Amino acid sequence: MLFRTDMAVERRDIYREANKLEDEIPGVDYKEEILSDTIKVTRVKILDEQGEKALQKKKGLYTTIDVKKLNNITTEEEDKIIDIVSNELRKIIEKHVVKQDEVLIVGLGNLYSTPDSLGNKVVKNVEITRHVKKYFPQFIDSGERSISAICPGVLGTTGIETYEIIKGLVENIKPKMVLAIDSLASKSIERISNSIQISDTGIVPGGGVSNARQELTEESLNVPVVALGIPTTLDAATIVIDTLKMCNQQNVNEKDIIDKLTLNNFNFIVTPKEIDEQIEAMSEIIGDVLNNTL
Amino acid sequence: MLFRTDMAVERRDIYREANKLEDEIPGVDYKEEILSDTIKVTRVKILDEQGEKALQKKKGLYTTIDVKKLNNITTEEEDKIIDIVSNELRKIIEKHVVKQDEVLIVGLGNLYSTPDSLGNKVVKNVEITRHVKKYFPQFIDSGERSISAICPGVLGTTGIETYEIIKGLVENIKPKMVLAIDSLASKSIERISNSIQISDTGIVPGGGVSNARQELTEESLNVPVVALGIPTTLDAATIVIDTLKMCNQQNVNEKDIIDKLTLNNFNFIVTPKEIDEQIEAMSEIIGDVLNNTL
Amino acid sequence: MLFRTDMAVERRDIYREANKLEDEIPGVDYKEEILSDTIKVTRVKILDEQGEKALQKKKGLYTTIDVKKLNNITTEEEDKIIDIVSNELRKIIEKHVVKQDEVLIVGLGNLYSTPDSLGNKVVKNVEITRHVKKYFPQFIDSGERSISAICPGVLGTTGIETYEIIKGLVENIKPKMVLAIDSLASKSIERISNSIQISDTGIVPGGGVSNARQELTEESLNVPVVALGIPTTLDAATIVIDTLKMCNQQNVNEKDIIDKLTLNNFNFIVTPKEIDEQIEAMSEIIGDVLNNTL
Amino acid sequence: MLFRTDMAVERRDIYREANKLEDEIPGVDYKEEILSDTIKVTRVKILDEQGEKALQKKKGLYTTIDVKKLNNITTEEEDKIIDIVSNELRKIIEKHVVKQDEVLIVGLGNLYSTPDSLGNKVVKNVEITRHVKKYFPQFIDSGERSISAICPGVLGTTGIETYEIIKGLVENIKPKMVLAIDSLASKSIERISNSIQISDTGIVPGGGVSNARQELTEESLNVPVVALGIPTTLDAATIVIDTLKMCNQQNVNEKDIIDKLTLNNFNFIVTPKEIDEQIEAMSEIIGDVLNNTL
């Protein structure tokens, strides 16, 4: 099964639909919470190997906060959403670190490719404290957490796997947790720039766009890896298939479409026209969330 | 007929196919020149009102230079292409201005939206001389042409029609020609970042993406308007329809697809993954072309 | 007298010191208001030709809000400052326009030179409404003001005087007021990124850095011109002279220093190391001020 | 002795002048080569501990290529300079690696501070091959060198010493040489954006601007470290002192000036007005040099 999405909640939907399940997928637990007219939180918990196999994602909790028109909201609504996301993130972080434990933030993606630049831009908005605590402890509240950050770049522009960079760094500076920020692929037009997925299962850089890399996980790095991502692109197959479904063309052969696109070396992405602006807005919101939570 | 492309050569193909024409479209003249394995020049000349009506473009010559893999070439190939495009542009310019006549370059589009930023970035690469000729004539060869440039921004971020800005400026500084640089929409995946269209018929800012604005033409501005554009986006309907054709789905209803996309307020664009990089490369090439030609 | 500063309040100080005045300069009125430990508002009113001649600035009110460490403040302090600046700006605007009168914002300066990019970046943060009011009045509260904006670029990159661009535009779209945003030169290290000057006397683009251009004023444009500026650079002579004064070198010959710097074609600027970051922060603050006030 | 410059050739001049030496500094060898009206190559060789102590730089060869108006040259002159710098770099590199040995390029500095962004921007212009050689060897000439690159950021935005990032990475990917690219501080106005210094003695990130960090050298990393730098800033003290000398003020007390500037927490830099543009041009030139040489 080829999911073409990084979002656990979408994979669950696709799997249930494809397998015509009315009950929950064995090995998966699902909860939904409507917080307001515009905010919904869903929790997909992958419980065991059976669930892992079904959704092709690691065991653990995947929380998704869906916001209608996240990219076009008032300051008040923004504050509310920052609160909600901060709470969800805090719940997950508190399982792994206590108050002052050092956290290393990893801003994944390519600064020079707009829809993939979220991780880099979030890092720019986060308050870094590790060097102050280390060299000028007199200037910082002793209860403050030590926070560092790195943007390792992408394989295509560095020639180096993200894992190769982070592995050595984690061994050298010994944080108690890694928090990875990334752009995701979604298969739903509505989720682009409107959803936030948080999990504590680590991350496979570039995972959603077919060029999988060595994973950043607790197994590979020996520290817990929490991931926060926002979908910023659809793949080309998704938009073709979704449109055909909207047109009630029942005889769509998904596999055929994907094969043809691959065959033609079709390396295109689909983004909202306003993606540059949305990435700016999202990276400020997530920056505030991290500054709140850490 | 809805063309969903700014390229005259594509409109001609669509029109002939839709009308099952074997001969040329009445009112249109067409020529093709293969310059090398990788470079092809086509010339669509709209001769009269009949041709205008068929292709929904103004009377005049539309030259297209198609380059295979323009975005991934050696320095030598690049120099060759700059020569070819410079020659084509020179032919068109020389109909309208003589050696020292002042030219105003207009960089259309939105600097803050990557696929639409070409015009702004080309202007950054052009050598401006008007102020030197005017205030420091001793520092410049007296045979040099006077060149000025402006990036008026887009309606969505200025609240002002491009025409409203350019109209007053042309009246004030009185150039002998306007040369407008723009990003175009194409309906062909291969043409994205691989084609250059030059015409002397003026331009309708935002023309290809449904939000038409007041045109920049010789009629509206009282000076000749030459336009140079590069396709940087496909629209969403194009990719759906093209893919279905690749899959030999004969029963595709184009109108239905477009209606559904419009109904769902589907404001997405399709670009190559590497569009940020391609725009940089293209704007350097076109900058060189303009510096050569003017 | 060569002031090397765009700030009226600094020119007053320099003039009084140079002329050893204990009373106010004839033709000038001065008021100071301490709002808090960190915020001071000063008002220099040039009353007549005598004052104009002394300070080499046009008749009218120049309000300066000085904030200690404006570039490093809490969100609460930021909100307070936005309020204060909004109030000062409102007082000046209300002299010239009533509720719904159209305002044209002009973002002066060069986007591609960091310390000079403030005007461009503020425009990016302002809500533009003119096109909505004009084309989609159903989507906007009818009491809302019509706001448009343009970034004309600088003479060096356009070859066109700012005045030549704005003149025609004002005639075409007929706003009731122009609000110009600009980076200023200051002669005080403490004011860089820490002060805001508002006046209703118009502006001379590039005025503080020796390459004076045609002015944007009510006389030249036939609409009132309010200017809001923030100092972002010192000139080289300032830093030399200030340092010598700190070292109690009484025998400094200012004229000699400036002559030597000019002779050596010394085209350098002095900015804080963190100027990139400060410009971002300032442009968000001023964007909020404009959205509040207009 | 406080040099306030990263350039060995300037330190030699300062030391000789301060010590009124007519002969060469003991422990230092100096050679000068005039290549043309506009290009001069100087070689400062620090031979032993005595030379190290005098110039406060590590033993080894420091080659400086000075170009008059490097930032404003014709394409032909540019090609010539790229050739000259490539030759100098090649001489140094060939001492340490043979044809196919892997090289790791380290782009030092802060992308978000214009005068400090050179290293990041050069990396953007370099052709990276390591991942192609590793994962798709069929697409690359087997004689091609393996090249990777990283931009580690600066302590202020990552909280992590550059050394801590590079140390682990070098251990993981085991390059045969590190090539570090950095912006330098100079004490000469003429050298800003006009000089290139190459050495094989490693680098102290942030070395010239008072906040010294753990060094990147063969001793600390166990691989040779070649450094290429371009001066992009003067410090404030330099400009004060230089101007006074131009004014023939003999009684300047350098120490007093520096103390006063430090006391007033004067964290300003001096750059050419056109620094944004110059950094772009320099990073393309150095990108070409690296692509030529490696």
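Chains: A, B, C and D, in written order; residue numbering restarts at 1 for each.
Keep this in mind: a contact is a pair of C-beta atoms (placed from the backbone, for glycine too) under 8 Å apart; a residue touches a chain by one contact, two chains touch by 3 or more.
Everything quoted here is computed from the prediction, not taken from an experiment.
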- Message: Spelling it out: a chain qualifies if it touches subunit B and also touches subunit C; which chains qualify?
- Response: none
- In angstrom, rounded to a whole number, how far apart do the mean CA points of subunit B and subunit D lie? 42
- Any idea how many Å lie between the Cα centroids of subunit C and subunit D? 37
- Message: I'd like the Å distance between the centres of subunit A and subunit D, where a centre is the mean of that chain's Cα atoms.
- Response: 38
- Query: Out of subunit C, which residues touch more than one other chain, so two or more?
  - Reply: 112
- Once you've mapped the touching chain pairs, tell me: line, ring, star, complete or other? ring
- Pairwise touch list, complete, is A-B, A-D, B-C, C-D
- Message: Can you tell me which positions in subunit A touch subunit D when the two form their complex?
- Response: 111-112, 123-124, 128-132, 146-153, 155-160, 164-165, 167-169, 171-173
- Message: For a test of understanding, state which residues of subunit C touch subunit D in their complex under the given definition.
- Response: 112-114, 189, 234, 236-237, 239-240, 243-244, 246-247, 249, 251, 253, 256-257, 260-261, 264, 266-277
